[in-house]
Amino acid sequence: MCLGIPGEIVEILSDRPDLAKVDVCGVRRAINIGLLEGKALAPGDWILIHVGFALSKIDEAEAKSALDFLESIGQAYEDEIAALRESMIEQG
Amino acid sequence: MCLGIPGEIVEILSDRPDLAKVDVCGVRRAINIGLLEGKALAPGDWILIHVGFALSKIDEAEAKSALDFLESIGQAYEDEIAALRESMIEQG
Amino acid sequence: MRFVDEYRDADKARALAARIATLCEPGRAYKFMEVCGGHTHTIYKHGLEDHLPAAVTLVHGPGCPVCVIPMGRVDDAIHIAEEPGVIMTSFGDMMRVPGGRGSFLDAMARGADIRMVYSPLDALKIARENPGKRVVFMAIGFETTAPSTAMTVLRAAAEGIANFSVFCNHVTIIPAIKAILDSPDLRLDGFIGPGHVSTVIGCRPYGFIAESYGKPLVVAGFEPLDVLQSVYQNLVQLSEGRAAVENQYARVVPWDGNPKALAVINEVMELRPHFEWRGLGFISDSALRVRERYAAFDAERIFDIPGGRVADPKACQCGEVLKGVLKPWECKVFGTACTPETPIGTCMVSSEGACAAYYNFGRFSRDRVKEATRT
Amino acid sequence: MRFVDEYRDADKARALAARIATLCEPGRAYKFMEVCGGHTHTIYKHGLEDHLPAAVTLVHGPGCPVCVIPMGRVDDAIHIAEEPGVIMTSFGDMMRVPGGRGSFLDAMARGADIRMVYSPLDALKIARENPGKRVVFMAIGFETTAPSTAMTVLRAAAEGIANFSVFCNHVTIIPAIKAILDSPDLRLDGFIGPGHVSTVIGCRPYGFIAESYGKPLVVAGFEPLDVLQSVYQNLVQLSEGRAAVENQYARVVPWDGNPKALAVINEVMELRPHFEWRGLGFISDSALRVRERYAAFDAERIFDIPGGRVADPKACQCGEVLKGVLKPWECKVFGTACTPETPIGTCMVSSEGACAAYYNFGRFSRDRVKEATRT
Amino acid sequence: MNEEQVLERIERARRRKARVREDLITLAHGAGGKATRTLIEDVFLESFRNPLLEPLADGAVADGVAFTTDSYVVTPLFFPGGNIGDLAVNGTVNDLAMCGARPAYLSAAFILEEGFPVADLRRITGSMAEAAREAGVTIVTGDTKVVQRGKADGCYITTAGVGMVDPGVRLSASAAEPGDAIIVSGPIGDHGVTVMLARGGLDIEADLVSETAPLNGLTARLLGACGGGQVRCLRDATRGGVATVLNEVAEAARVAVVLDEEAIPVRPAVRGACELLGIDPLYVACEGRMVAVVDGRSAGAALDALRGHPLGAGAAVVGRIAEDPPGLVLLRTGFGGTRIVDVLVGDPLPRIC
Amino acid sequence: MNEEQVLERIERARRRKARVREDLITLAHGAGGKATRTLIEDVFLESFRNPLLEPLADGAVADGVAFTTDSYVVTPLFFPGGNIGDLAVNGTVNDLAMCGARPAYLSAAFILEEGFPVADLRRITGSMAEAAREAGVTIVTGDTKVVQRGKADGCYITTAGVGMVDPGVRLSASAAEPGDAIIVSGPIGDHGVTVMLARGGLDIEADLVSETAPLNGLTARLLGACGGGQVRCLRDATRGGVATVLNEVAEAARVAVVLDEEAIPVRPAVRGACELLGIDPLYVACEGRMVAVVDGRSAGAALDALRGHPLGAGAAVVGRIAEDPPGLVLLRTGFGGTRIVDVLVGDPLPRIC
């Protein structure tokens, strides 16, 4: 529960290593990354933001494999629909 | 110097003997009469008010004799004017 | 928006919906509970149910941290806010939540200084900028939010900010799920597990649900495709006769959660023996309080709090709604006496509350809506 | 209005004016100083000079308590007002008086809490109602006003109101008149004595004016006929070759003043060795301060006051105007750089100030005004 | 230089362009006297300058339509004789009436402070409705804003009004001519003194009520009784009082205004309060009194017309327009002397000296 | 009772007379959502009721003249893209334009807080003059009040406006008909997000500016391009945003409004800020965007007309009017689902849950 939004790290503040400037769709805010202690964070990394804190680092590989799964279902569905349509044309 | 206004005592406040309700032309305010200690004050008496305090009790006899003087000058003046006018009519 | 837009795609939704439909055994009805109010919000906001077959029902759970705050705690918070020299700070979500003496908004109208913040760190900043005031942060939320509160207390302690304290109302999710599972009047087929809580606690704590209760639980993300996919994964498990904890939201949720976040919670807070949940009653070990060693930052110790219990209004059926026993519209006052303008229960206030989500986004004949929006 | 309207009668004024005219020796010019700003105000407000023959000139004296406050004291008052938690209270007359850093109104615009009161007792009331604030009363005025301040301090002491104090700027009239009499560049034929000061100090203190300086002084009331009559009485004395103190205002002024008022002043205040008068410079024994025994009510002791002297603006000729050496219009900045909106000197601020009275009520060709108003 | 020369120089100085010298707004800028005028001329007129705004009259008239606005920020909100609601309706109705218009439509914009009692708001809108009914106007559009506690004072109301001006009517302060009579419609200063006392800080009691009232009935009678050109100008004597209004007339028409102190109607209690506080009723705000400048030959007819209406029962001729000295208001005092009646610098502050 | 019956009962309940239940005004009463509506209906409309006020539109139209008012209390006074002065002029110009009027005259009433910098005031009036010039309107009358420190927030401005409505033009929310197209004139929410971020408390940066602008040029083009009756109604999507405006249309015309989420133009930064704060751009205020309801057959012509004007370059058809269910705004989501878009209860508060 509780609103969490993905944002991209733009900069780790040099004077405050527990803060990162994060970009959400062109909107920027300093986010506390103290809860991700021990994770290697760098500009370009994505994090999940909740009430001004980063709760986790987004795992791009996991994201990709999940999307691949969704794509595959989508593709299968389109194939089926196409097949269905063809069969209807054949019938028609 | 300093603005002072005559007002008429309407009531001596029973619970606060240093305060009197004073009327100025139908406008009423509680006035501190502590500076008039020793003067017998009663409703109907007139006092001079300055910044919420009564500074003196107005002496009606003195007021009357001063006004009498002014009246007398006024009367004398009118008599003179009348005399002057008559003399002009006589001349005219 | 990356990691967002991909998961709002209508075509993929239709494909997934087709799969879901094929997974449903004819004649069987399925009930899945989304534990988390964030999911409830997603479901209604995106009209997700339009993709579900009639056989699948989503049941809304107790995972709205605003909804479960009992009225007495709101009154306590207002009591603190009305102490001289206090600035109460709160997330926007709390502003309209009614206690026995009205809401924060009403208290503001009576003169209390209550300010909305985006982060507990903003409350700390207000404390720093107002040394002559006592700044209290109204801390609410599950394990998602508790680490932020704890981090803020640690920061206040490190900086020696003496005029800052926390009114701690953090709750924990597992006891609530357990209460649901143990409630006699509810039959569920599986769970859509709370994604953001799980970033902190990980997926292991749900193990007992699969093991002891034999129900699937799929930890899910908050975009509508995430939720739809977790329905799909639940159905797959059921069709395969399995019951396991799965992580649909692996891009964000590590299986083991966030150990640092758990550590800071544990540093600053401890379990309360009992805590009252609105609608659910007292649940043991279900909430957090500030530890003795941070007493200086604990509003409950600093202020003399009435701590009274306020009975829920008679008409209120939030408990049944929170447990998923009643659908919002089945509450007798839903939409007539209880509306978002005049909420009787908290479920009607928070946008994560099931009643509010249903009222704002879903309240209307689904058939007529579908008819009207057909393109 | 009794004791007012009788003394504003035009017919009596004309009669008195005729007498005054006959008392003037042909070819001789007469200069009388009205010491008191209240008289200046009366003279201009009622157009009294229209009743005077050209041979009689009224010269405006230093008796405007606002006009004689040096700029440094205004700055000190603003300094106090800008201390945290202070409510400064003041008569309306002070609000626009410029110090080196602007006026009370400007300080209010910058954020100071300065409130207008009608009576020092109202300031005490504010103190009573605001226990968390330090309430300071800006005390100004001659012996007329000093007893009220003293009574208020006594009352504060009796009630134990600890958050009330007085910034004492009371001045005494006799040293000022002496300074005038000793100034080399002024020739006066007599004085219109200050009526309301005399209710307190009585008429005896003026004796030296008649005795040592050989000038008549007539204590006068504040209605225009009072002032006109006192001119008349001055002229009668001169025509009879006498110089005495006379009391035109016997309805209000007892010959011996108000002993109780003098006693309370003396209880609470003592003479300062020196005090600066705007335009007149330092005058010994000319002002009052709070006695040691009432130190708890003395803002000068409570607050750390800069106490700096601020040189009057170069263009300012208030000193000459206050001494009656210059007529207001003879000041080089009168009415151009110095106006009531943009006063350079204090005489342009108070409605008792000679420059302000002349500017507001009299500034214009007397002949053209007379022509226009002829009925 | 002699006195006459100095005075000429001063008059020239007074006609120079106004300039705000302060860095910060002070209460004086809102008091209706010189500081207000300077602010309006130097900031608002300077920014917005156009021929319709330029006369700085009660409202603007174009194509037979009059348009005006005022914000109401009175403290206290409720006072003897009325409340901010009556004021907000009557004030704008009156500004339209002073343009010679028949007031028709009003707008009402509310700025409410968080915490303001809804019951008080209902009382205020009730009074507004009643006042609108009495004046025969309709409130056709509005707005509501709520600001945080401490960012207002309960309730501020801004009304604007639209009215229709009959073809024959053309009123302007600059139309005043020597020989014209100056009429006030009744005793002055009741409203201002009532509100000042209602604030409570002065602890003064008086049996006074605000005269707040819609004057369009009165102006209609007056315009009906006198021919079109006979009425030169109408002004409601609000903030700044009769003195300020007449200074504006003198200035706009470059004429002298000559008042007779004894002819000016002032209630005893108003006089008493003013004497006690050291202020001059000529500067005290009225909210149901107007000043009319009419052709001297129509003065009688005008007076009859006004006195025939309940709100004009106390109407009186208080002075006249003269040619010289232009731009000045003069007063013949009851004492038989004369003086200038200038524009006030700041608020009419209670004074002790 | 089954779900359908319950929902019917609820719809009936929603049409009951609004009643303010609170004793005190809260910020929600000014937020533009249901509480504001309830306050207006129960207090203001109840007190002032008349046929011209009753539609509660952007302004009132009578005898070919449109009249409107708004108070401006924005915090901060200066923000990227504008300030309170632009808003006060553009807002009232736009309300007139939304009445189908050619805006002509404006009034401007200022409530200034003691201590307000004169330089800021000059900047504001300068912007107002510039905005008035751009819109082709004249500020013809005004008012200034100064309140004590702590009784305002620097500067409040209330403008009212008068405009002329051509005979053929008759716009009304109740004129919307099934088959009509709904057009917005450009990306939504820029103003509201810009101001929210400019307050500084959220510490969020974005390259956003308010779109505040006068829309009368745009409306003139639109009315010119479509015949008189083809444009049913125009609304500027200020407080409460597009969602609120469309609910008013649905309610007034007793029709359904059906929106297509993907067609609604929202800038990425607005979306980003809204996602971060948990608010919905549909409820965010715009100050230079309008919603037009036009005959479906004229949608193309209307869009061309709008897109030909710089302020309408981003115009888009975002939905249509349907017959059923009356009084409701529906959204077809990008996800392929549907939902209601209801009136907001309070402010669009940043939320965490």
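Letters A, B, C, D, E and F mark the chains in the order given here, with residues in each chain numbered from 1 onward.
In this text, contacts are C-beta pairs under 8 Å (C-beta built on N, C-alpha and C of every residue); 3 or more make two chains touch, one makes a residue touch a chain.
Model, not experiment: these values are computed from the prediction.
Colleague: Return the chains common to the contact lists of subunit B and subunit F.
Modeller: D, E
Colleague: If you tally the C-beta contacts, which comes out ahead, C-E or C-F?
Modeller: Spelling it out, more C-beta pairs touch across C-F than across the other pair.
Colleague: Can you tell me which chain lies farthest from subunit F, using the average of the Cα atoms as each chain's centre?
Modeller: B
Colleague: On C-alpha atoms only, rotate subunit A onto subunit B and read off the angle in steps of 5 degrees.
Modeller: Angle of rotation between the two copies: 180 degrees.
Colleague: Could you find the chain whose CA centre sits the greatest distance from that of subunit A?
Modeller: Here the answer is chain B, farthest from subunit A.
Colleague: So how far apart, in whole Å, are subunit B and subunit C when each is placed at the average of its C-alpha atoms?
Modeller: That gives a centre separation of 80 Å.
Colleague: On a C-alpha centroid basis, what's the spacing between subunit A and subunit F, in Å?
Modeller: Taking the mean C-alpha position of each chain, the two centres sit 35 Å apart.
Colleague: Let me have the rounded angstrom distance from the C-alpha centre of subunit D over to the C-alpha centre of subunit E, please.
Modeller: The mean C-alpha positions of subunit D and subunit E differ by 33 Å.
Colleague: Residues touching two or more other chains, restricted to subunit B: which are they?
Modeller: 1-3, 5, 24-25, 50-51
Colleague: Spell out, as numbers or ranges, the residues of subunit E touching 2 or more other chains.
Modeller: As it turns out, subunit E has residues touching two or more other chains at 22, 24-28, 114-115, 202-203, 268, 271-272, 275, 278, 351-353.
Colleague: Send over the residues of subunit C in touch with two or more other chains.
Modeller: Answer for subunit C, listing residues that touch two or more other chains: 1, 4, 9, 14, 37-38, 64-65, 91, 108-110, 118, 122, 141, 145, 225, 352.
Colleague: So which chains end up touching which?
Modeller: Pairs flagged as touching, ordered by label: A-C, A-F, B-D, B-E, C-E, C-F, D-E, D-F, E-F.
Colleague: Considering the complex alone, what residue numbers of subunit C touch subunit F?
Modeller: Listed in rising order, the residues are 1, 4, 8-10, 13-14, 37-38, 41, 44-51, 64-66, 91-93, 95-96, 105-106, 108-110, 116-118, 122, 141, 145, 224-225, 327, 329-330, 334-336, 339-342, 350-352, 359-365, 368-373, 375.
Colleague: Can you list the subunit F residues touching subunit E in their complex?
Modeller: Residues in contact with subunit E: 20, 22-31, 36, 39-40, 43-44, 46-48, 50, 52-53, 59-60, 62, 65, 67-73, 105, 107-119, 121-122, 125-126, 128-129, 132, 138-148, 150-153, 156, 158, 160, 162.
Colleague: Under the stated contact criterion, what part of subunit A meets subunit F in this complex?
Modeller: 1-3, 5, 7, 23-30, 49-51
Colleague: Subunit D touches which residues of subunit B in the complex?
Modeller: 1-6, 8, 24-25, 32, 34-38, 46, 48, 50-53, 55-56, 58-60, 62-63, 66-67, 69-71, 73-74, 76-78, 80
Colleague: Which residues, counting only subunit E, touch subunit C once they are in their complex?
Modeller: Those residues of subunit E that touch subunit C are 114-115, 149.
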